[in-house]
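First chain A sits with chain B, and in the next complex the same chain sits with chain C.
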Partner chain A sequence: MSVIDQAAPQQYRHLRLNVLRYDPRHPAAKPHMQEYQIEEADSMTLFIALTEIREHQDSTLQFDFVCRAGICGSCAMMVNGRPRLACRTLTRDLPDEITLAPLPFFELIADLSVRTGKWMRGMSERLQTWLHAQEREVDICRIEERMDPDLAEQIYELDRCIECGCCIAACGTAQMRQDFVGAVGFAKIARFRLDPRDTRTDDDYYELIGDDTGVFGCMSLLACHDVCPKSLPLQTQIAFLRRKMAAQGL
Partner chain B sequence: MANETLIIHAGLADKSRKNRWPARFDLLQSSTGLFLALFMWAHMGFVASILLGESAMWTITKLFEGYFFFGKSYPWLVSCVVGFVALVFVGHALLAVRKFPINYRQWRAIRAHAKVMRHEDSTLWIWQVYTGFLLFFLASAHLYQMFFWPQNIGPFASSDRMWSDGLWPFYLVMLLAVELHGGIGLYRLTVKWGWPNASRQTLKKVKWALTGFFLVLGLATLAAYMKIGYEHRAHAGERYTPDWAVEQAAHRGDGQ
Partner chain C sequence: MKTFMTDVLVIGGGLAGLRMAIAARQRGHETVVLSLVPAKRSHSVAAQGGMQASLANVTKGIGDSEDVHFEDTVRGSDWGADQVVARMFVNTAPKAVRELAAWGMPWSRVRGGDHEVVINEQRVTLTERAEAHGLIAQRDFGGTKKWRTCYAADGTGHAMLYTTTNQAIRHGIEVHERAEAVALIHDGERCYGAVVRNLVTGELIAYLAKATAIATGGAGRLYHVTTNAVICDGSGHAIALETGVARLGNMEPVQFHPTGIFPAGILVTEGCRGDGGLLRDVNGDRFMPNYEPEKKELASRDVVSRRMEEHIRSGKGVHSRFGTHLWLDITLLGRRHIEHNLREVKEICQYFLGIDPAEKWIPVRPAQHYTMGGIRTDHTGQSPWLKGLFAAGEAACWDLHGFNRLGGNSVAETVVAGMIVGEFIADFCDKPENDAPFPLTLAREFVQREEAKLAAILDGNGHENPFQLCTEMQHIMTRHVGIFRNGDELLDGIAHLQRLLERSAKIGVSGKSRAANPELVATYRVRRMLKLALIIAQGAYLRTESRGAHFREDYPRRNDREWLKRTLAFWPDEAASMPSFEYEPLDVMKMELPPGWRGYGAKDYIDHPDTPCRQQEVDATRSRMEGQGRFAVQEALMPYTDKLPASLTGRNERLDEPLETSR
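After this line comes the complex of A and B, so read on.
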């Protein structure tokens, strides 16, 4: 008899998922909580639990996912009050009762599904989060300029942002002020500021984030840092940008 | 009318070079807060001298009135310090109020956010707003009193204010508000601008230890003034002068 056969049958928990439901396409409907019960399974993630519910209990339940591996950032939602990625959240790390709600701040599609991409695109355009290289003829016969590996590593560290929106949902300032840039914007500015190929100066960056909708609006509540699923060093980067932008005022 | 004003009024301010004042305002908000928090701790040290005895507190009071430099007390010297602190205080209030939730929508949003998230630093900020709002009134009243009646600071005068004038509840609330606000504010300064080689957990532990220390010191000091005020209630209005200072003044043939 194998070891597996000898093992006692595992007891799985019954999970109760309370989901905040609302579909703006049906204005007559009111936002309400709906409870689903499900039996936990080995290595079950919230994404798996929600998929199970949608497939076997309620096909109208709406939530987003693409990659199921913490890369696309689509499945961010409020899990027991904190923004998290459903695909990276194991149910075994949560209590029996789980409350799910859509990310605040972003445009609601329905239930747990929000349109983060629309806001992210607006933020990107506003902060010009692309490489601003000097306009010059590119000589494709020449070897590219080398970059110090340590610097490349630092840039890569900030480039790991997946734009899931968790930092914005966790940000007290953003909840009060819809025009606030937020940690995702600061991380992007910090990334391009590091890049030697980008020719912008602090004077240029001040034009983008040098006011109360930018870095001076940040009240350093730092929930962004605490909830970032990619563990980006947001606290130190925002403090660094604040020092650099404040120096512009001297 | 200045062209700049006309441009701002037309909603075209963002079309020219961004103003540098937001950077200066941010620096000023932090630096005035730093000054006030450190002043508050030093102030607590001075008023807590009552725990060492009435003579010690009298000496500190007279030191600030210039008695030991000029041989005579000039309470207006205290008014000058109070006036400067009041200016910094008003400046800090003006800059900090920009961050307050200023309408019902913002207030509802930040309260719901704090309740849902249960995130310590976010909740601490709401406490900063509460205590800051209280201090608009309490600190203003205190500064006003100290500015116009600086001569009423002393072992008996301050104690009478607590007990015979019945102001101890005012000082108790102000003590709690100022210690919480200043302590949280100093912690926030360290994370806002960066503090090398220290985790937030460590900074927060230090912050709570300091807040606890100053609260205990403040409560003990308040209790000491109340006790003296209670014992001195029959003679409220009389001023304290240590025996050695009376003898010294008599020897010199002048008053204090």
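After this line comes the complex of A and C, so read on.
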């Protein structure tokens, strides 16, 4: 009934994983490609493959997995040139030869491990990605404020971002300027802008993203939209924000 | 020696840790959070279905209250819970939901008017009240009498964690990422902080604090198949244990979630069944009503998981290349419902199984899911044995869940305990008598001890492989200390685990780096995990009864006469190959809800001698006070409000229970 009951490949493929290795803390180290060979297994993901390599072939290989279920955003890496969540990438969807590299743009820790968390925290601080409510204290004993159910769902939709960094890794502008807030930043602004509990105005948002480090830096290449693992509607949100911010700037 | 000083050190950057940190910070105390990973990647993010709080907004929640939530929680715990803590919890849960709403949490909302739902295979039309339109919605979950689980589609943990982390950022709370507490600094009576290893550089730093709070989550990785993230290895439990004085409470009950996808063990939410999904066997037959006529698929998790395994044993499982499983059928919920309310489930099925759950059944089998046991604390979250050490959330045992946690009560506990324990931590730090000077010499000793341990691993020439030992342990735990247990299997498992613990002293690592070194990390972690595994296995062997998730085939009845007590485990002698145990009796005469039948699962149990007497007292009080209102009756049976921080004692408003406007 399900895919795991369908006929298995009789012969398991022999996979070759080429991994970009580099530990910047190691003074003599130079970036280089290292090849690992493993036999494919049923339902093998890159999480399973890399864990097997670390446990049986090379215990020094560094990478990050946490939830291994596609929800925490830890394991984004370049898989054959494209940013993806490694944990939910099945090897059966890839060719025999797989090239893995760390996400560009972010500070490298070593091998496939990068500091997305540090950058995301900086982005959150800069864009103030928390609800700016009125000053009055909310009485949490009282019935909550109402919200339209459709609007709540729309906010949740934008709130699904997992800060994995794929959009930044795929972004043309980010390759050129380190201070670009990227699609992840725009998604946050769009989310709070939509939320009636947030009292900020477009004037306030213009202060945050109304320049080349924000919406006007976007070249509309929109690879972010194509690679987002959560399929966030980045294309429409960026276009919408840019229109609003352009109007604001007039 | 590098030192870092702060008022409050929180170990763990998930929901419980962050919420404690926010509470302490709001009260003016410097607070730093340590996290193995960026805070937003903590395992709280993986909670899907929702959090229980008796808001009673939806039609199927009308009549819900703290009282009903309390009874469901205690029955769910199989009377293992601390009932005072359960009361504190149910009174705070609605406040936690509303606080999150005020912080921007995108809770799913009630839509007034008619809507169709699936209940017991029937399409039913429910009518939501117009006056509830736009309030926070609730869905059905296992082991509950009312629809009580508040949710944001099926990404509740994600939305809660992001909302809470963003508040922590707003308050300027620093999170030191990729930092692991490897030992608590203490003198046997007072905890002063922790030795912390920077996982990138390998450096050891002494973090000194007035109050140290552990919120490191569960220990699912002790098992081969678990829904838990790879970082959930019980490291917080273990460093508390290694003080030799702090006790771990009730480690033997381990929750298996009925619907881990097979074979990867990735969770699909209880919301699937709450929303009307069914469990089916090899013949496509729905089997739960035969075992559990009252609650069917929505009995508590321990019961459903056991019934599933029982059904598999009776030959009704589906055989596949990886072993045997059952089916979860949510096709009857319809595509629209799945794409809006169960979208994470849909993604997981698509990416990990290659199926569309709106059309095909999902292969499932129970998988380790939750660690009921934890660092034993009092109702303030503080360890009675180590002053200044606090714990909250899955890592703690204050003891809300007893022997089985209800679905939706864990994320609820994280924020509720964070609010409550956070206040108590602030109280602790406010008191001048807790201004003990930081013991730098002691800190240096602890740092040197950890340095020496790491050096011994790196310099040793053992031949054992830490990854191999870990895998063996996981298989032993799954095979011998799983859903069904018996004395012989447990003894066998314990002997295996002891051999592994011995072998773990002879691990040799090939990479000699002191900095980021996965093999080094695996080595010190597996040693700790083995200690926790032994505590679970030995605790399970000693407890000759069945209660909640702890099920003994050779002692299938719950035995209140002998075993209505909490297991406390500790490890006083570091060189010992076995933990020590003591037991803390539960006082039936103080219970608001004396032990009885849970309303699902086995009906026969051995009563505690005090139960009939206490039941009589409770019944008499209830009839004497008839008409005086539920709050007065509750107060007479088991007062608890004096235990709560003053800011959290207020009553909770509901549509049917308005508060006086004078407040």
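Points to keep in mind about this one:
In the analysis below, the second predicted complex is superposed on the first by the 239 of 250 C-alpha atoms of A that agree within 3 Å, B and C clash if a C-alpha of one lies under 4 Å from a C-alpha of the other, contacts with A are read in each partner's own complex, and residues count from 1 in each chain.
The definition used in the following text is that a contact is a pair of C-beta atoms (placed from the backbone, for glycine too) under 8 Å apart; a residue touches a chain by one contact, two chains touch by 3 or more.
Nothing here was measured: the structure is a model prediction, and the numbers come from that model.
In the model built by aligning both structures on chain A, chain B fits alongside chain C without clashing.
Seen from the C-alpha centre of chain A, the directions to the centres of chain B and chain C diverge by 160°, a value given as a multiple of 10 for the model superposed on chain A.
Within the superposed three-chain model, A:187 lies out of touch with both chain B and chain C [touch as defined at top].
By the touch criterion defined above, A:114 lies against neither chain B nor chain C after alignment on the C-alpha atoms of chain A. When the two complexes are overlaid on their common chain A, residue A:153 makes contact with chain C while staying clear of chain B.
Contacts of A:62 after superposition on the shared chain: chain C is touched, whereas chain B is not.
Once chain A of one complex is fitted onto chain A of the other, the partner contacts of A:17 are absent, as it touches neither chain B nor chain C. When the two complexes are overlaid on their common chain A, residue A:243 makes contact with chain B while staying clear of chain C. Within the superposed three-chain model, A:71 lies in touch with chain C and out of touch with chain B [touch as defined at top]. Superposed on chain A, the gap between chain B and chain C at their nearest CA atoms measures out to 20 angstrom in whole units. Applying the stated touch rule to the two superposed structures, the chain B and chain C interfaces on chain A have no residue in common. Listed in rising order, the residues of chain A touching chain B in the complex are 78, 81-82, 101, 104, 170, 172, 175-177, 206-207, 210-212, 216, 218-223, 226, 235-236, 239-240, 242-243, 245-250. Those residues of chain A that touch chain C in the complex are listed here as 1-5, 8, 23, 25, 42-43, 45, 54-56, 59-62, 64-74, 88, 90, 109-110, 113, 115-118, 120-121, 124-125, 128-131, 133, 138-149, 152-153, 155-156, 159-160, 162-163, 192, 195, 197-198.
If you check the complex, the residues on chain C that touch chain A are 37-43, 45-46, 94-99, 101-104, 106-111, 133-137, 152-153, 155, 158-159, 162-163, 166-167, 169-170, 175, 177-178, 200-201, 229-231, 262-264, 266-267, 320-322, 327, 340, 344, 347-348, 351-355, 360-363, 467-468, 509-511, 513, 515-519, 522, 650-655, 659, 663. Residues of chain B that touch chain A in their complex: 17-27, 98-99, 101, 106, 109-110, 112-114, 116-119, 121-122, 125, 188, 191-194, 200.
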